[in-house]
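Consider the two complexes below, in which chain A is the common component and chain B and chain C are the respective partners.
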Partner chain A sequence: MSWAVEARGVLLINDATGAVVTVGYPQAAIWEMLTGGESNERIARKLCAIASLEPEAAEALMRETVAAWRAAGFLAREEDRGG
Partner chain B sequence: MAPPVFALPVFDKWLLYAPLNGVTALVNRAALEDFPEELRAALGEQPEPEPQPRQGAICPQFLGIVPTRACNLSCAYCGFGATPRGQEMELRLAAAGVDWMAEFAARSGRRTLDVHFFGGEPFAAPDVVDAAVHRTRAAAAARDLLPHLEVATNGVFSEARARFVGDYFDIVVLSFDGFRAAHDRHRSGSFDQVAATARALSAAPSGVCFRVCVGEDNVEQLAETVDWFVEEFRPTSIDFETLQPTPQSDRAGLRAPDPYVFAAHFRKAARAADGHGIDAIYAAAVTEGLRFSFCPVGNDSLILHPDGRISACYLLERDWQARGLDLNLGRLGSCGEMELPEEDVRRVRELAASKPRCRTCFCRWSCAGGCHVNHSYPGCAARFDDFCIQTRVITACALLDGLGLESMADGLVADAAEMRRLALRQTDVVDGGRRCA
Partner chain C sequence: MANISVTTACNRDCSYCFARGARRAVAAHMSAETFEKALDFLARSGIEEARLLGGEPTLHPEFQRLAEMALRRGLRLRVFSNGRMPKAALEWLESQPEERVAVLINFAPDDPPPAETLRRLGKRVTLGLNLHTPTVDPSFLPGAVREYGVAPRVRLGLAHPMAEGGNRFLDPRHYRAVGRRVADFFEAAREAGVEASFDCGFVPCMFPRGFLEAMGTAAGDIGTQCSPVLDILPDGKVVPCYPLAALAREPLPDGETADALRARFTERFSSYRRLGVFRECTVCEVRENGGCNGGCLAASMQRLRTAPGPGGARASRQVPRGRS
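Right, the complex of A and B next:
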């Protein structure tokens, strides 16, 4: 996976498939924080301020976003990669 | 009233400068006493208006955010009184500040949403910075604005944080005082970590300005420092600031450089930087454009503090108060309710206009009096101090350079007596036979 930070979000590139996705806000913030190795709790807390969300909504947005990225092959669990 | 004309002695000539007319010339004494026709004609053209305090509704160029006053370093000269722990701004207060600025920028037809971070050390409150950075980018995208983010930092953080900074900030002002010995002496032995951050940033998209605090101990190394910085780290620019004496710096045995020595070595550093194709900056001697204020004070900038106060200055409130100043502009509530009373905005604007020492100085619209808290505060001495002296010499050199007289400027900074003659004049205003003095 490669990605590039752009003015309006993040550009994700799946190096294996060539798929490219532009991620806008607030999901772009989730990508940055996930790849920075932050805990889900901390990401959700910041997401509340970034996207004006209640904690439950922030957690739900995170779950949905991560699931979508997994389905698209942009994210994988360590164990899925044999890591 | 005709716009002022200033004149400064440089060896057997006079450097004549009329900033409102955009005229700079080197003349002899006879021409100074009775301006030649050509000069009168140039001075007779429509001048630019004298810079004046802002009027009307507040119009900030940027929102400044102080995420915390805490700092992870304890620099030998720091008078901020920062400790590793301190109040952090609530995330939703930072978001409210960004939203206010975004609305303002969109309503005013701006193209950019400008947010700057100050400290303490901003990254001592990393979550506040993260939330505010992403909120800025989200708010800008929603309003078709370009985000413009700047941060002033000590660079003492992890590699992952350095990557974030390099990717998400447009300008990073990194405190880096030069070679290991000077940097470690000044900045708590942080050389290795700051150099690592500088190296990481040099490979990142952000622009990087190194801010060098110059003391008596490193003033003679400025040109060599520039060469080394450029070879190792490729900064976009290098900003030199002389040490502001504090009780802490006194205790550490650090002293500000002699102003004439600083002027001479800054010139060497600027030449070295120019040779590398980058800028060496001494912010008080920037002569492109006229200004009324050197800093955010008087320019309507809004600095949001952890407690929700909005002020015109990012220095400590107790430091302004010690000078008899009130630089507070209002308050922001965490639900976004902004209070900026007109009388407070007017008070700060007018305060920035009152600088009696600058009235007859040729730098009055370039240096514009420097820092309102540390230099041009109410009741400050009427005579030129070290900051004025170095600023006057460096500015005169910049004007000579602009005339293509680099060797004369080199000669000036090599001659202590000539520098003193230029720097210590009571008034620079001349008449040239145009009117009664």
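Right, the complex of A and C next:
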């Protein structure tokens, strides 16, 4: 999995399949924070400020985004890869 | 176009060389049999010029034999050299007609020029300069053309990164500074009757506004050059180009053409072609309209970040999938 920060978001590349996804904001910020090692809870709190969301909406956005990336193969649970 | 790298041997140690990854303690030389296969590959691909690279190609112990094999096939010969060549190679090149044999000699800015070689090879020589830092100044080249009596042509190249790292390259952050310098140089060269051309990786946005239009046909294919070139290594493997050599290589194919192999390499890297050397490349109208491909792919890939591998940082509960 590789990614690059672009002018309007983040470009995700699945090195194994060649799949490419362009992610705009605020989802691009979620990706940046996830790859920086921040917890889901902390990211959701920051999303409230970044995207002017209520806490419930931020948590829902976080959940939906992570689920979509997991389904598309861009994310894996740490325990799934022996972590 | 395809290059044949006949040897890894070199008598210089340029920090920016993108073939550094191929160099080793004991030099590898291409065998005559592999060279013959490479010439077959050029022939069935409709390529009319054998372009010999190294290392320093004239250090191949059978340089003259290989060169004559290419000429016997009716190919033109182009040798990419640093100018520090053995006496026998120099004498042989000097004896060849200018219309059949050309030598591109890359100046090393920090070293004295190979004056005798330049004077003896005369109009067979095109001078080249690799821009590996923003301070490399090509303005001396028209004077060098006059002083050594070489062809009134110069070739500028950008130093590109090897995918695996290990060489000095021009960071795209400096492209615009280099573009301004090159634009000034281009005008001065034109006034001196010296034609300047550009190797791969230059992008339109590095030059001052209006410069490419003013260049006219001399602008050539700036921005869209990478096809990729194909470099055939001494062991007979083919790579898309030296900077990407660590990421893809295939045996010299039997019965297949350069176009077919190029298409396969292009497909293999198509996902990464979405990148460009700048963040802004993904929203660039020139690129959208086909006027630029985003610059050197190896330089673009320098912007990539990757997931931590097993045992690496893993602070989050979800982690990006690692490279497989």
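Observations
We adopt the following convention: the second predicted complex is superposed on the first by the 82 of 83 C-alpha atoms of A that agree within 3 Å, B and C clash if a C-alpha of one lies under 4 Å from a C-alpha of the other, contacts with A are read in each partner's own complex, and residues count from 1 in each chain.
The rule is simple: a residue touches a chain if its C-beta (ideal position, glycine included) is under 8 Å from a C-beta of that chain, and two chains touch if they have at least 3 such contacts.
Keep in mind the model is a prediction, meaning the values are calculated, not measured.
By the document's definition of touching, both partners, chain B and chain C, reach A:37.
In the superposition on chain A, A:70 makes contact with chain C only, while chain B stays out of contact range. Judged by the touch definition given at the top, the superposed model places A:1 against chain C, while chain B stays out of reach.
Judged by the touch definition given at the top, the superposed model places A:26 against chain B, while chain C stays out of reach.
Residue contacts after overlaying the shared chain place A:18 against chain C, while chain B stays out of touching range.
Residue by residue along chain A, chain B and chain C are tallied for touches, and C comes out ahead. Chain A uses residues 5, 7-8, 36-37 to touch chain B in one structure and chain C in the other. On the side of chain A, the complex with chain B involves touching residues 5, 7-9, 24-26, 28-29, 32-33, 36-37, 42, 45-46, 48-52. The touching residues of chain B, when paired with chain A in their complex, are 91-92, 94-95, 127, 130-131, 134-135, 137-138, 140-142, 146-147, 160, 164, 167-168, 205.
Of all the residues in chain C, the ones that touch chain A in their complex are 270-272, 274-275, 279-283, 303-307, 310, 313-324.
Residues 1-8, 11, 13-16, 18-20, 22, 34-40, 66, 69-70, 73-78, 81-83 of chain A touch chain C in their complex.
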